[in-house]
Amino acid sequence: MKNLNIGLIGYGFMGRAHSNGYRRVNNFFDLEYQPVLKAACGRSKEQAEAFAKQWGYESVETDWRKLIERDDIDAIDICTPNNTHAEMAIAAAEAGKIVLCEKPLALNAEQGAKMVEIIEKTGKPNGVWYNYRRVPAVTLAKQLIDDGKLGKIFHYRANFLQDWTISEDLPQGGAALWRLDAAAAGSGVTGDLLAHCIDTAIWLNGGISSVTAMTETFIKERKHNLTGKVEKVGIDDACAFLCRFDNGSLGLFESTRYARGHKALYTFEINGEHASIKWDLHDLHRLEYFDHRDESRVRGWRSIHVTDGDMPYMGNWWVPGLQIGYEHSFVHQVADFLTALAKGERFRPDFRDAQETQLICDAVLKSGANGSWENVAKP
Amino acid sequence: MKNLNIGLIGYGFMGRAHSNGYRRVNNFFDLEYQPVLKAACGRSKEQAEAFAKQWGYESVETDWRKLIERDDIDAIDICTPNNTHAEMAIAAAEAGKIVLCEKPLALNAEQGAKMVEIIEKTGKPNGVWYNYRRVPAVTLAKQLIDDGKLGKIFHYRANFLQDWTISEDLPQGGAALWRLDAAAAGSGVTGDLLAHCIDTAIWLNGGISSVTAMTETFIKERKHNLTGKVEKVGIDDACAFLCRFDNGSLGLFESTRYARGHKALYTFEINGEHASIKWDLHDLHRLEYFDHRDESRVRGWRSIHVTDGDMPYMGNWWVPGLQIGYEHSFVHQVADFLTALAKGERFRPDFRDAQETQLICDAVLKSGANGSWENVAKP
Amino acid sequence: MKNLNIGLIGYGFMGRAHSNGYRRVNNFFDLEYQPVLKAACGRSKEQAEAFAKQWGYESVETDWRKLIERDDIDAIDICTPNNTHAEMAIAAAEAGKIVLCEKPLALNAEQGAKMVEIIEKTGKPNGVWYNYRRVPAVTLAKQLIDDGKLGKIFHYRANFLQDWTISEDLPQGGAALWRLDAAAAGSGVTGDLLAHCIDTAIWLNGGISSVTAMTETFIKERKHNLTGKVEKVGIDDACAFLCRFDNGSLGLFESTRYARGHKALYTFEINGEHASIKWDLHDLHRLEYFDHRDESRVRGWRSIHVTDGDMPYMGNWWVPGLQIGYEHSFVHQVADFLTALAKGERFRPDFRDAQETQLICDAVLKSGANGSWENVAKP
Amino acid sequence: MKNLNIGLIGYGFMGRAHSNGYRRVNNFFDLEYQPVLKAACGRSKEQAEAFAKQWGYESVETDWRKLIERDDIDAIDICTPNNTHAEMAIAAAEAGKIVLCEKPLALNAEQGAKMVEIIEKTGKPNGVWYNYRRVPAVTLAKQLIDDGKLGKIFHYRANFLQDWTISEDLPQGGAALWRLDAAAAGSGVTGDLLAHCIDTAIWLNGGISSVTAMTETFIKERKHNLTGKVEKVGIDDACAFLCRFDNGSLGLFESTRYARGHKALYTFEINGEHASIKWDLHDLHRLEYFDHRDESRVRGWRSIHVTDGDMPYMGNWWVPGLQIGYEHSFVHQVADFLTALAKGERFRPDFRDAQETQLICDAVLKSGANGSWENVAKP
């Protein structure tokens, strides 16, 4: 078994999710590599140490540049707010590290382009944590589409609906609330939530050629945790866009944090000539499938409980009927990354893939601002 | 078009449901016969007249014996409480009428046996309003079973759950509450609700050979509307039974009026060697179907929206996607009865079929009282 | 009981649905008026007579202008293709008739404006058959919104998805297929399906101020039934649009006839500050409701089975738990129209209301053609 | 942090599930104790070593008696077939170990009684892996009941439906198939599946006083993997029973491995005077709740997505909307066991609790054999 020494930056929600992925992968997957939790890095020494203890990291750093300089680190995993990704990823790449970057890749496509350029120059393996590709039901959707079950695609629609920022009293900025702060997040729901929808969409249905969008900030001012003052809110609270895919199908995307009753309702539906597919993060272990070729009197949406051993990834877990959860998508990403590493193959989605999402997000935000259809540039 | 002159006794819930069946059938079904609403009969002249006006009956009677004597009546439809069925049906049969009797057939199997004997002696067409056989999704279930889609049957389970008698303040007896009065109803949920479940079950899965039951009366005393006094409650509030079918499958039935959250939740599920079926009265236009022969990765319960033109009865209604409701089962029963009449064929379920349900109910109530397994007699 | 003499033009799907509404309303609703089926009108004498016989119309006409001239007709009900509405409605109005027009009001807003102008000049009662307002669950949604249960509205989204025109072999034009012929229908899914979504939306959530749309015709040419030649398809097979409501909320609408697995899936969802609502035509007897003010550990989407007697319209039907279906919305529309007539009140939606939908449809189609945001004119 | 040194016997499905519980608990829960994976024990040295390597056990044993003798082991965890539990648990108890035993406790109540007697004599902490008590939705159900939300309970019903043994070609005995071998398993679905239903039921609804059961073995003979011969099948393929709880409510339980379409469908529903609850293992992260005290027009079953931080255990995992899975119930059991250990409190369910389930299973099997109602003895 070969070691892959991990240095992880950021000890928030994603720091935990990635760490759990590293710690569990070898219990469930037979791999050539095992991740070694070498160092956790964060600005607060106390918090970094607590995190390292909780997760079994061997050491801590409080300066990410030091972490990158360390010879005993093979891969840098970036779990910090969006406005730090470019600088860290570029520095890590230049230091010859493997780089695993939390999504979205960057604040915008301009940063993203530079990141792609530099990491590709080094030829180092790299990846971006668009983890939903590796929910078994979503991977199954990909297989069904690639096998031609759906035929020509007519429609793709996706939602990512939340309801956690409806209160006017919620401040912006700092710690858990950096997602409300445009300086740290770059955008609101577009980069945070739609980026997930877009990554899945281009994986399942190919590139997007043009978009028209509508964005809204329902609450215009919020107290800022860093300045202590009431400040203008710079992010988009909601964003919806129409689009055309390269394959001629029509797309409809919507995201908001103002949809009462939905905590993290990421859904997609794809309508093809022969069959359709639906998925929903709130019941992530199910895939809905309709096949028009079924005998007509027993034709209906099939609710597939994705837990059997012949479903993607599921042979590595428990027995039929016993569901897995959200965190497993990260374990799968680690497993697939280590497998690609062992085989010397390209891991997907990598920086280049994530840059495609970045370019679409940029077009969406531009259209949201000016009201026109925007063509999407290709990475 | 030939006329079938109807004389209907009882102007309650069932009186309305049957009348609606008669009035609508020729708008939607092409038939040789048309029902003519000749006379409505009830003890209160005022109420009978109001009912006749609402539904377009040509005349009223307040004495059901007079109705039966009338020469211009072809068929007597009995919609009165259970304790009147035997007397009325026997008198109507002896007067040479077609008899359509609301379910359950009688207070008990002893009465039922006499009713069957006499109506069969006359050779007159007869029927019992176990209307759920003619909900399109249920009829579809029957077709799928008869076509062998399920293979050998292992399990049959059915529920009929309600919650309308939980309050201790609800009185028993009289008008709408005769169902709580043992003298009028014969039994509680067994005759009222389980009889429906049993009729469907023997139609779909064949005869029942033995049963063991548990019955309960949660509220022991209620004010009686007829006497004005608090009296012992004689009906079963809840009844559950296990059984063995003639085909070797196992059955599980339960009914109660104490299941909070369920208004009229009649459900059944059948598990066969190859496939399974589920249905639910609260969404009566859907049938759930699982077929193990489907390709494993797209195998799942199919939710069939029973509205297409090739589904049972549905070609007579609207267009795909547009659901029908509860009352349509009565329209279908009228249509099928008139068709059988025109063809000179036996209509099902008739008195003999309903007597089979009666015998099972008797065995269930006996077992509920004595705690033993009881064999079921055949009609 | 006063009579309202009906003359109905068109004996297709809608002719049946309206006739059923007229025939059933007095069985279930106590009203001052009763509709009398005076005459059915259609170009084919044979078909008109068959229809009249099936539904009990007293007479037939084959020329709608003659029908309008008849003194014994109080109300003209227009159930013919869209391209005939304006001419018929204007003539009927000018003849002093009550006019009931199937939706959409007209081929476009220009026609609609004239219809509104003329009917309002006569002061005659008028109505348009946007029947979904009167599905009990939808009416309940309206009551909950009007009672302030949702608070400030943030989002409105609606779909109307079908799958019946995917085959390239399906011809256009004539009889049942006039909906595919731009000359007869005016537009495709926009006027046929989105018009329903828009009518409900403006009723529930108020006016729409601006839209941006995407339209598509997937199959560019189809054989035409009237000419016998392969001709260009002029209708929109799919249409999606983003919009802003007058109240500041964001809207998302989509319709298509290319969504495999959906027969007539009209859904809407409304997200408010305090609560959200969802509805779905495939299970039209249910309303989904989420209330954030519920105690947090028992907070969830409530599936309301809209069958209790205190739900809109349901006290007139059966008992709790027993669902009604699609056709009942037409019975309710007749009941409400007759009630408004008796009280001398304005019936909604009338021509003016329907013209608001027409103006939105026009803006949507214009935006679909030119790619810009379009402001919506008010009627 | 104090260590708890674990010696685990058995490397099958449960060996993995428990090991995962030990390895993950300290990443997510702040506890005084941490489990140390000291030794894994199994008859095959090769397999034991592979298992130990996969899960990080420090050593292996091939003789469980040796494991029990080791001074460096604090707790023995028994994950072997049912027929070994009694002997191992008694030996471990007598050696002064903490004992954690996989369910069911024993082959029968006679064995169970001895196990309880001996472990209680030692005063050592002990537990049985009825893990479903610690699915957050199930724990929430317990809290709601204990808080009186349901009021007086009328009905309890539970199912555990599977479909994996329908094929006649499936052999019995040995390795993964010991569950079909009466010598190893004691019974079929009763001890394997109904035991889970019963444990949850007595926890949520109190003791069971009497039962009447029906059992069936659909496939009478199967090839035996250990003897190589076709042998009589001694287990129950299906078992259903009716019962009365000590609190007066009625129970209905059913389990089978012949229900096509159900992989591991454990469901329960509880109907109380004021409210009802439903749960389903196939969507284990949801709890359905109906409260009759809700305003009538917005009353309906609430689908609670049990992922918020104020739900049982969920504050230790991710963020609202992100579901956990089956395996987490074992992590929770470890966390609660370690907490009880630190506090010196009794852990539930322990041997005594599990013996109550054993006594009910014995009564069920006895009734299944003789057809009578059986009273249930108390532990």
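Per-chain numbering from 1; labels A, B, C and D assigned in written order.
Definition applied: a contact is a pair of C-beta atoms (placed from the backbone, for glycine too) under 8 Å apart; a residue touches a chain by one contact, two chains touch by 3 or more.
Given the structure is predicted, the values throughout are model-derived calculations rather than measurements.
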Residue-number overlap at the chain C/chain D interface, same or different (half cut): same
Chain whose Cα centroid lies at the greatest distance from that of chain A: B
Chain centre separation (chain B, chain D; CA means) in Å: 42
Approximate Å spacing (C-alpha centroids) for the pair chain C, chain D: 55
Rounded Å distance between chain A and chain D, as computed from the means of their C-alpha atoms: 36
Of all residues in chain C, the ones touching two or more other chains: 262, 301, 305, 308
Chain B contact footprint on chain C (complex, rising order): 13, 17, 19-20, 23-24, 26-27, 54-56, 162, 164, 262-265, 281-286, 305, 307-308, 317-328
Complex contact set, residues of chain C against chain D: 140, 143-144, 149, 287, 289, 291, 294, 296-305, 308, 310-311
Contact set on chain A toward chain C in their complex: 154-155, 157, 161, 163, 166, 212-214, 216, 218, 238, 240-242, 244, 250, 252, 254, 256, 258-262, 271-276, 290, 292, 301, 371-373
